[in-house]
Amino acid sequence: MIEILQQIVNGVAIGGVYVLIALGLTTVFGILGIAHFAHGSVSMFGGYLTFFLVTSWGFPLLLAILVALIVGFVLGMLIELLAYRPVRNANHINAFIVALGLTMMVEGLNLQFFGHEQVVIPTNLSRVFDIGGVTIPELRLYVIIAAALLIIAMTLFVEKTKTGQAIRAVAENRDAAILMGVNVKTIPLVVFAISTALGVCAGVMVGSLFAIAPGIGEWLVVKGFAVLILGGLGSIPGAIVGGLVLGVTEALAAGFISSAYKDVIAFVVMIAVLLLRPQGLMGKA
Amino acid sequence: MTKRLTFTTLTAMMALTGGMVMAEEKTLDIGVTDALTGGAAVYGLPQSNAVQMAVEEINAAGGVKVGEDTYMLNVIAYDDKANPTEATNAVRKLIDRDGVKFILGFCCSGATGAVASFIANEDAVMLVGNAAERSITTKEIANLTRTRPPADYTGAAAGTFVAQKGHKKVAVLGALDVGFYASYVDAFEAELKKAGGEIVTRESFGLKDRDMSPQLTKIRELQPDAILVVGYVEPAAFIYRQAVELGIDVPRYGFTSGSEEQFLRVATSEQMEGVWDLRPTELTLLSASENGVAYHANYTEKFGIAPSPSSPYAYDQTYALKHALEAAGTVEDTAAVAAALREMPIPAEVVMQYLPVDGKMFDANGQAYTSNGAFQWQGGNWVFVQDLPSDAAAYSAFLSTID
Amino acid sequence: MLQINDLKVAYGPIDVVHGISLTVNAGECVALIGANGAGKSSTLKAICGLVPVKGGSITFEGRDITNLSGHAVVQAGITMCPEGRQVFPQMSTVKNLRMGAYMRRDAEQEADLERMMDMFPILRDRAHQAAGTLSGGEQEMLAIARALMARPKLCIFDEPSLGLAPKIVAEVAATIARIKAMGKTILLVEQNSLMALRLADRAYLFEAGEIVLSGTGEELQSHPEVVKAYLGH
C-alpha cells in the first residue's frame, strides 16, 4: 500500500510539470489550431535563464524565477507576433513549418547561450518529509504545490475573468467571439504570453528537480502532446487530468511492471484510452 | 610594402639558418574523435583536452624522434557526439581527407565499436580510451589498443569486494541497455553468487532519465542489503540523491567514474556521503602517483577545471603512441607502429597505474589493465580506500578465449 | 442612425454586393429581404467588420465605421445575432450570456443577466447546461439574449428563423417584436419574407447584390413582385 502511495507521489510531481506544459500547448492549439512544437525548447530557455541568473549573476532564486517569467511573457508575445501571426491566414502547413523552424532556432540559441552541459538549478532544498512511510523531498513538495497553484490560477483566469472567457470563446467560435467584441488580434498575444510563462515555470521545475540539457525540451514537448491527445485536444481540464494520469502511469509502470519499458507502457495506456474514447479523456465528441 | 618585404626576408633567413643547424623538423598530424558535445561529453571532452595537453608537453620536450627526424605533433579533433555514425564519418574524414594514420580518443562504446568494426582494413592505428565494452578487444584487431580495461574485468573485482562486505541481497539499478554496463553487472553477479549472494532485481533507466524514484521505490520495497548503480555520471548522481530522498539507507555501490564536481552539480555532499565507486583506479589524487598529481595540476591550470578521473586514458594513449613511433622508427608503417605498441613496456610518463601482462603495457589483444579501486565519498571527496582484488593476467587469458 | 452609401463587397475576385445604399433610423425596425445569395448577409458582415469593404462607406451615428475591425464595431454599439446562432457550444448558457456583455465595464451586467432570464425563462432552466446541448429554438433565444446583453444601440438579426420549426419561428418573431417594443433599433435579415415584412417598419428587397425595391413593410407586403416572388401566394 505504501509502495503504491509512494509511486503516486513520485508520479504527481512530474505529472504537474506535464500539466503546465500541456496547458500552454492546449490553449495555443485551442485558439490558433497550431501545434507549437517550440514550446518545450522555449520552456527550457526559461530554465536555463533562471540557472544563469542564479549562478552567474547571484540573483536569489525567487527573483530569478520572476525575471524569467517576465522574459517568458515577452518572449511569448514576440513568438506570436513575429513567428505565427504572419502565417495566421495562410495554409496550415505554413504554421507547421514555422513551428519546426522555431524549435530548431530556440534549441540552437539555447546551445549558443548556455552550452551543451547539463545544468541543475541550485535550490539548496534537501530536507525530506516522511509521512507514514511515504517520503517527499522538500523540493518535490514545493514543485507539486507550485504546480497546483498555477493550475488553479490558470483555471480561475480562464473561467472567471473576461479575458479568460474570451480565450475560450475564440477557441469555440472565433467569428461569434468577434461579434461579442473580442479583439481577436490581442487574444493570441495574451495566450502566448501566458502559455510561455507557464512553460517557463515548467522549465524551472524540471531544471531544479532534475536537469536541463539539450534534448530535454524535445522530450517535454513530446510528453506535452501525448497529454493533449490523452486529455482531449484544446481542453483545459483534459490537460490537467491527462498530465496527472500520464505522470502517475509512468511511475506505476516503472515501479510495478518494467522500468525499461515505462515510456512504452505509458504510450500503450494512451492508445488504450484513445480506443475507448477517441476524443480523449475530457474531449467533446 | 616595406614591412612585408622585411618580414618575408626575415622568414627566409630563419628558414635558411634553421635548416642548417638542426635535423629536419616535421609535423605529424594525429586525429582525435570523441564526444565533445552531448550527454557523453563528460567523458569525451576531457579526453580530447588530455590528448591536447600531452601533445603540447611532448612538443615542448622536443617532439617525437623517429629515426633521423623529429616530429612535432598536431591534433585534428572531431566531435562524434558518441554517435556511431558520426564517429564513422569522423574517422573516414581523418583518414581520407586529413591523411591521418593515428587516431585517439574514443570515450564511448557505441561509437568506438562502430569504428573498431572496420579499422582492421585501414592503414591506421586506433587507440581507444575510456570505452569499456569488452568486445572491442576480443576481435584480435592488430592495429587497435585500449588503455581502459573492459567493464567486466572491473565488475568481477567489484562483485568480490561487495561479497566480502557480507551483502547477500543486492538490488541493481543501471543503464542496462548499454552492453558494457550489463556485462559489468553479469561479472559482478557471478562473483556475488560464488559467495552465496544474489541480485534481487535489475532495474534500468535510459540515458535521458532523471527521475529514478519509481525504480528506487520498487527497490525500497524489496529491502536489499545494498544497491549497485551502474551508469553515466549524471543519472547516477540523481539516483544517489533520490535514494536518500526516499529514505533508502543501505550501502550504495556504483560504477560511474564521475568527478566530485560532476556529482555535486546534482546532489549535495551529504546526500553523497558513504557512496562507493568500484572502478578502475584511474585518477584520484589520494591514490595518484607523482605523474597523477602533476597531471591534475597541469590540467586544472590549463583548462580551468579539474580533469575527469577517466581522462588520463587519453593522455596515456598519447604517450604510448609517442613511444611506439620512436620504437618502430617510422610514421608511415602503421603495422610496425601497431606491433611496437604491443611490445612496449609501460612508459614512464603515464598517469594510470597499469598492471603489466608479461612485462608489457598491452596484452596480445591490445588490452591494457589498470588496478581497480574501491573509492568512497567522504566529506566531499572521493577517497581511495583500497585496491579491489583484480587479476590482470587471468583476465587477459580469459579475454583471449572470447571471439 | 446607420447610413450605408454605395457599399461594395467582394470575396476575392467575386463581387457579391454591387454598391447598395440604405438607411436605418433610430427606433426603426428595418428588414432586408431577398433570395439566398442576394447579398444580404454579406452586407451585414461588412457592417460588423467580418468581411472587408471594397467600396462605399458605412456611417453609424455620424461616425465612419467603414472597415473598422469587428470588436470596434461592437464597441460603437452594433451587435449582431448571427446566422446559425453561433453559440459557444461548450460554455454554459450563463457564460454565453456573460460573453454577450464582454465589452461592458458597468456594474449592471448581472442585473441584465437576470432580466434576460426573466425575458426567456427557458434560459433560466438551462442556465448551467452547455449551450451546445440546447435545442435549436433554445439556442436561438440564447443568441438573441446574448446579443441584447451588449446593450446595443443597433441590433442586427441575421436569419433568426433559419432551420427552426414553424412554432418556434412564431416565437422568434414575437421576441423580435418585443425587442422592437422596448425601443431598440433593429436591422433584420430574413428569408422568411412574410415574417420580416410584418415585423419591419421599412424594408429593402435584395436581388443579385443590388437593392431593387424599398418601402414600408406594408407597401412591400402588397407589392405584386414581392408577392409573386417571395410571399408565394
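In this document, chain identifiers A, B and C correspond to the written order of the chains, with residue numbering beginning at 1 in each.
As a convention for this text, a contact is a pair of C-beta atoms (placed from the backbone, for glycine too) under 8 Å apart; a residue touches a chain by one contact, two chains touch by 3 or more.
Just so you know, these numbers come straight off a predicted model, no measurement behind them.
Student: Can you tell me the least number of steps between subunit B and subunit C, where a step is a move to a chain it touches?
Tutor: The least step count works out to 2.
Student: Which chain has the mean of its C-alpha atoms lying nearest to the mean of all protein C-alpha atoms shown?
Tutor: The chain sitting closest to the overall C-alpha centre is A.
Student: Among all chains, whose Cα centre is located farthest from the one for subunit B?
Tutor: Chain centre farthest from subunit B's centre: C.
Student: So what's the Cα centroid distance for subunit B and subunit C, whole Å?
Tutor: For subunit B versus subunit C, the centre distance works out to 79 Å.
Student: Using Cα averages as centroids, what's the distance between subunit A and subunit C in whole Å?
Tutor: Their C-alpha centroids are separated by 42 Å.
Student: Can you tell me which residues of subunit A touch two or more of the remaining chains?
Tutor: In subunit A, no residue touches two or more other chains.
Student: Which subunit C residues qualify as touching subunit A in the complex?
Tutor: 48-50, 69-71, 74-75, 79-80, 82, 86-91, 95, 98-100, 102-103, 132, 146-147, 150
Student: In their shared complex, at which residues does subunit A touch subunit B?
Tutor: 3, 6-7, 10-11, 13-14, 116-120, 126, 128, 130, 135, 137, 140, 209-211, 213-216, 219, 250-256, 259-260, 262-263
Student: Inside the complex, what are the residues of subunit A that reach subunit C?
Tutor: That would be residues 162, 165-166, 168-169, 172-173, 175-185, 284 of subunit A.
Student: Can you name the residues of subunit B that touch subunit A in the complex?
Tutor: Counting only subunit B, the residues touching subunit A are 37-39, 41, 176-177, 203-206, 208, 210-211, 213-215, 217-218, 220-221, 234, 238, 242, 244-247, 265-266, 268, 270-271.
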